[in-house]
Amino acid sequence: MKLIMAVIKPFKLDEIRDALTRVGVHGLTVTEAKGYGRQKGHTEIYRGNEYTVNLLPKLKIEVAVASAQVEQVTAAIIGAAKTGEIGDGKIFVMELDHAVRIRTGETDETAL
Amino acid sequence: MKLIMAVIKPFKLDEIRDALTRVGVHGLTVTEAKGYGRQKGHTEIYRGNEYTVNLLPKLKIEVAVASAQVEQVTAAIIGAAKTGEIGDGKIFVMELDHAVRIRTGETDETAL
Amino acid sequence: MKLIMAVIKPFKLDEIRDALTRVGVHGLTVTEAKGYGRQKGHTEIYRGNEYTVNLLPKLKIEVAVASAQVEQVTAAIIGAAKTGEIGDGKIFVMELDHAVRIRTGETDETAL
Amino acid sequence: MTTRKPTRGGLAALIFGLLIAVFVGAQFFGATYVHAQAPAAAEPAAPAAASEAPPACDAKMLINCTPNSGDTAWMLTSVALVLMMTIPGLGLFYGGMVRKKNVGDTVMASFAITCLVTVLWTICTYSMAFTAGTPFIGGLDRAFLQGIMSDIAKGIGNPNSLAPTIPETVYICFQMTFAIITPALIAGAYAERMKFSAMLWFMGLWAILVYAPIAHWVWGPDGFLNSANSDAVVKVLDFAGGTVVHVNAGVAGLMAALMLGKRKDTGPAHNMVLTFIGASLLWVGWFGFNAGSAVSAGLQAGMAMTVTQIATATAALAWMFVEWALRGKPTVVGICSGAVAGLVAITPASGFVGPAGALAIGVVAGIACYWGATGLKHMFGYDDALDCFGVHGIGGAAGAILTGVFAIEQYGGTAGLIEGNAAQVLNQVYGVAIVVVYDAIVSLIILKIIDLVIGLRVSVDIEREGLDIALHGEAVQ
Amino acid sequence: MTTRKPTRGGLAALIFGLLIAVFVGAQFFGATYVHAQAPAAAEPAAPAAASEAPPACDAKMLINCTPNSGDTAWMLTSVALVLMMTIPGLGLFYGGMVRKKNVGDTVMASFAITCLVTVLWTICTYSMAFTAGTPFIGGLDRAFLQGIMSDIAKGIGNPNSLAPTIPETVYICFQMTFAIITPALIAGAYAERMKFSAMLWFMGLWAILVYAPIAHWVWGPDGFLNSANSDAVVKVLDFAGGTVVHVNAGVAGLMAALMLGKRKDTGPAHNMVLTFIGASLLWVGWFGFNAGSAVSAGLQAGMAMTVTQIATATAALAWMFVEWALRGKPTVVGICSGAVAGLVAITPASGFVGPAGALAIGVVAGIACYWGATGLKHMFGYDDALDCFGVHGIGGAAGAILTGVFAIEQYGGTAGLIEGNAAQVLNQVYGVAIVVVYDAIVSLIILKIIDLVIGLRVSVDIEREGLDIALHGEAVQ
Amino acid sequence: MTTRKPTRGGLAALIFGLLIAVFVGAQFFGATYVHAQAPAAAEPAAPAAASEAPPACDAKMLINCTPNSGDTAWMLTSVALVLMMTIPGLGLFYGGMVRKKNVGDTVMASFAITCLVTVLWTICTYSMAFTAGTPFIGGLDRAFLQGIMSDIAKGIGNPNSLAPTIPETVYICFQMTFAIITPALIAGAYAERMKFSAMLWFMGLWAILVYAPIAHWVWGPDGFLNSANSDAVVKVLDFAGGTVVHVNAGVAGLMAALMLGKRKDTGPAHNMVLTFIGASLLWVGWFGFNAGSAVSAGLQAGMAMTVTQIATATAALAWMFVEWALRGKPTVVGICSGAVAGLVAITPASGFVGPAGALAIGVVAGIACYWGATGLKHMFGYDDALDCFGVHGIGGAAGAILTGVFAIEQYGGTAGLIEGNAAQVLNQVYGVAIVVVYDAIVSLIILKIIDLVIGLRVSVDIEREGLDIALHGEAVQ
């Protein structure tokens, strides 16, 4: 199994979830994050002072999938998350030794 | 070493921490997350409109442990986190190459 | 490639980002977290009751780097994050199979 | 949702109640038209203020008088100020102290109680409390506020010796705001674990069976504890409601806390900024509560405002410094609680004591209520969630008794212990005791019945998930 | 930012406007000095209240009178209360219901509208609405508020039969707060997607071209719908603004919603605690709105306050119970919306009906507006974001018509259907109809023009990112 | 906690102070009883308003008069409005602009200052400021508010020419609210880095050594800058406190900012919604501040309210448009700051100028304070965290001087430059200069001493962690 972690633009979440459902992935975990990269941040004005906010709001999605599915899922995410503008984000894939569904104790692929 | 990442129901955190302490794990990192899976979300009513909230509040726990401890720790988490109801969450186990305690520079198992 | 995940004290973020820039890392993802470990929490007083808050605010940084850079990056983080006081946090290093830049589809090292 | 079915019932009942109200109300008025029509046609009352002025009102001459516009202006303002104490004031004061997952339910309690009590007040509780009847309960002459119309048509400012210089309608609204905040205060005791439906039933029944009679005893023209009633059994001084409002709410809250039991999970105030806003608006609004209780814009109102300000500030500092000394840190929740303690304690005294008395009452209130919210609560181990009893029960009782100590004849017409009249202290103690006993018993009975019929408390899961999502389908982001 | 260039223009225009204002204003005053100097020098008006009192003012005798200090005190207070309705009240009521990313833009709309309308009111809209002119629009005698100075110098309280017992300056401020809240209400319809610059242009033009004339029709001394004007074409009863304020705002809001189209992404209220604070302050402030509309501190103000309280509480409960029955949960946003619905519906009636009428109006308002915010909106599918039309349009119209039903001669001098005067119901319907037609047409024209010149709506990206960051560079943490 | 030990001392000192207060106070009253008893026993003053009315009060006849109920109603209301400016108004205005980790400490400063100043006012500062003494400082006749009791017993409304038509108690409360908000304004300068204990010492000493004397100079019956005092050295016009309140607070703030140095880490406003609520409540409450300063409900109050509204709206728009033009975006914090700038600048002028003057003052204030909060601050590089000096110092001075320009004899009895009286402009400049010099020197000395004894500033770690957790053990979730 693999753990796919994607950093995306917040407003793309719904499209990505739909895309994943289409390829048969029915579970995922989302975390609010802030990202720093090439995308330039906007400037916040506050009385006397200006602050360049270079940590931009992102969402981090984690999806565990069977190794066989990785290609397909990655493609689905790219398809949905891509705007072509700087700051679209990244996808990282990691090896997953083991997975358990707490409710049933089922393990590995059956746990997803 | 392994990194154990568990997605759990928020109100289970205290029980889990106690269970981990019992098996000798004294550190963990918690992140607020939202989860999507089989568990059906509730409906929020707002004036004219209804919204099904299918991203449910979860907590993500990350614990780094010595490989030998994995079984025991996983069992402890399952024991504490399980309600038997849908949405109890998942446990994911990943290989950890390397760990460092920033304060002392101690590495690997001694760093945990 | 490796994924470096560091748990740090919140107010150290800026220094760490500068340190990373100096070693040529231009992207990272930050998540708010709460940490439990040896560092004792403070006590919040609330009317009749006292609560020991033992989940302390931390930041979780994730940086994907080429395997060759790991040493250098880890050192940079330690250099910037260290206060010498308990609670400075940890650095965890994991194997990264694969990385993609959503905007361009570039993969692996070129994606970082 | 386990909470649903019963409340469907509640719903039915209350909607039915409303319709009855409208219908019966219409009857009453229908009746009054007939009598009132003729004179009314003659001279529309609207621009009355502008037509050649009839003599001004006073207690001795209540027929055909115009209300004093200055007193009326101040009392109209006081109504707004005291309503602001409950919504948003009290809602925020309490809402900031609960967990984030329960803040919606907490503020909604204040809002719903405001609405419910207003309707009950219109239907019967005003009449039960403030019209003459027996020494124990008033009559129904003003049920559905009947009759005020024809009285106005007759150009009568107010056929009521309680408020000679303002229209009765203004007095009705002013007293309504007191009837609203009293049950709303109780919410501090049962916060974070009571069913919303059970809450509505409790508050509605309590307003009718406990608040109305007790208000009549102490403030009703023929109440048996009313110091202004020459036939009173015990002449209790209660300028703005130390006994009627605060002791009353505090004791009912204690009963609710005992019946409900402890919360499953608790934690620190989730947002002390909301608590700060609430405490501030309570303070500001309390000027309407205390200075407004002079029911006129004159010397007594001025002195009531002055002592209110002094006692409040003193109590807030006292609480803050005690907390600082004993726990090492002064907290926002602490200084705000201290201010409320001072406001509570000066309430019964505000028309009767002077600046020195106010300083003393403030110091005592700050320290006593701090103990009520900490030591006392731990001693007995009940879960008075937001210290309704600790602050309002203790503070109200302390204030009521100290009124008997520091009262000065020149202000309110009655001397206290400080001027050698020890008897008044006893009267105050009797007053408090009688209210405590009646309130405790009746509140317990009401709670017990509701518990048997629909249950008082939410399930553990709902409590863990939070009342906002579970009972109201809403969440603060 | 696509929004920038156009607004640079807006900026230029308005700053220019301000400077003109100052300049021209100065001219006017320059003129008045000459006449006013002499008498003024004689007796400084400041401590007038203290010098031997001239006769008190009334409608029949407006020269050389001192205002009644009690009435003036209440009206000064009412100005503060009604301003509080818009800032922070309405801003928070709306701000809590939008998404977190748009709350800043939403509250800023209320604040900016308050400022913009105040300046326009000083320049021209007060004069256009409240001085005599034609039955359709007032004159410019008070443009730049000229002349009040010399009138004051002459010791004239108020040369204005609309408010005989208070200084005209106070009446100007009181009416200003109404002129402020009306456009601010419209913001509920176009929330979360309108350009800030377009919003300013829309509100400014609407205040001049729609609000001023309609206020003159219904309340102007010679307005053709003014029931107090003997030559009126249709005698419409509108005590505190059901037609002028609420129907007016509701219809303009509907037009804005239609012109703008649906929001791209919507969601539940992000913070119902803000909505609770807003609704509470609206309720408290509304006492100034309704009881203040008696323009005196007497019997009528007292009755207006009483019926306002009753109708509001009843409507809030009605909405809550209907929602509870139909959707299974009572919500904070729901009970707050119900309270506002009741406040809206009782507004035109508050000086004319009694407690029974208030109960009836409350029940109808709660149910009708619930339907307006749910069924009706779904039926036609427009995106009235925060139910400006559903609550203010429907509630205002219902209230205006029910005023004709429940009006009682003894209160406001006019009988309603309940007293056998069916004709009044028709008058009310005509009034509403005329306002709806004029308002709809002119609002649409204004919106269309703005859309062509600078565009009404932000880009999709900005809408997704949130107006706070994109238009104001700010974000709530 | 490095902050603990010193404050244990503070604690001891202040609690001791309180007890002294109660004790000594009691003595004073004890004394007064003896004299006051006899007459008092005869006729309780309470229902005075109802007994056959003595002649109404005015400045010429201060013995045995009843206060005017209308004026009293308005002043009671003004007290509530001005207190609301500080709590919660100012607390939220500032609290929204700091970082989330310091919001609790910021709002608590407003609350604690309110309490501390109230107690000091009761003990001595009222008497020092408002009783006759020398041209530089008042006497102690009203220390512990002694004597008001027996005066009331004698049926004297107010033995004070400053407020002839209201009870002295009301005047005491009204002036108290001014004494409260002035130090609270200073908090904007030292926010996010000052020790809570040092803050209490600074504010307490400043209230006694700076505010009391300066208030006496400008408003005390025999103050040497009081334009109403025929023997005044310089006749300074300051209707509601441009010099006494705003210049005074601004300069003290600047000194605090200089003494403390820059904050270690800064950032944008964490919650502009809180700032919006605060600015709105400041605006609403300011009607009590300015119109209340007429100390009566008549023509002058009405005009003061009108010009306040106009100047505020104009300044808010001016700031917003300048910011929009120069930085590309109009911000919530910006328009709110502009409104406060306008309120500040119109304060000294409100009783003396007209609508045209108000428009001019508004435009100047908006632009000048924008510069004060941006250009000026950058030029000198001090860290005036929330622009206490930039807005209150600059705006107050601008308003004070422009009062001399736009004053019109008909309103306040004094002509300004616009009516040819150039001298008044000089008087205003002198007034500002004298206050600036005294304030700057004494504030610096106070700060220096506190710094040496307990230290002014928290440690870097505490600043980084946030004052809420470190000093108060609380956090907003």
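Letters A, B, C, D, E and F name the chains as they come in the text, with residue numbers starting at 1 for each one.
In the analysis below, contacts are C-beta pairs under 8 Å (C-beta built on N, C-alpha and C of every residue); 3 or more make two chains touch, one makes a residue touch a chain.
Values in this document were obtained by computation on a predicted structure and should not be read as measured data.
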item	value
Interface composition of copies chain A and chain B: same or different, split at half	different
B-C compared against E-F, more contacting pairs	E-F
Centroid distance [mean C-alpha coordinates] between chain C and chain A, Å	18
Centre-to-centre distance between chain D and chain B (centres being mean Cα positions), rounded to whole Å	48
Distance between the centres, which are taken as Cα means, of chain F and chain E, whole angstrom	32
Sequence positions of chain F contacting 2 or more other chains	68-71, 73-74, 77, 268-269, 277, 297, 327, 329, 331, 333, 473-475
Residues within chain B bordering two or more other chains	31-32, 44-46, 94-95
Contacting residues of chain D [partner chain E, same complex]	1, 4, 7-8, 11, 14-15, 18-19, 21-22, 25-26, 28-29, 33, 36-37, 40-41, 44-51, 66-74, 76-77, 79-80, 83-84, 87-88, 91-92, 95, 103-104, 107-108, 111-112, 114-116, 118-119, 122, 144-145, 148-150, 152-153, 157, 166-170, 172-173, 176, 196, 274, 277, 297, 471-477
Contacting residues of chain C [partner chain B, same complex]	2, 6-8, 31-38, 55, 58, 60, 70, 74, 77-78, 81-95
Chain C contact footprint on chain B (complex, rising order)	3, 17, 26-32, 64, 94-103, 105, 111-112
Chain E contact footprint on chain F (complex, rising order)	58-60, 68-71, 73-74, 77, 81, 100, 164-165, 268-273, 276-277, 279-281, 283-285, 287-288, 291, 294, 296-303, 305-306, 309-310, 312-314, 316-318, 320-321, 324-325, 327-333, 335-336, 339, 351, 354-356, 359-360, 363, 408-413, 419
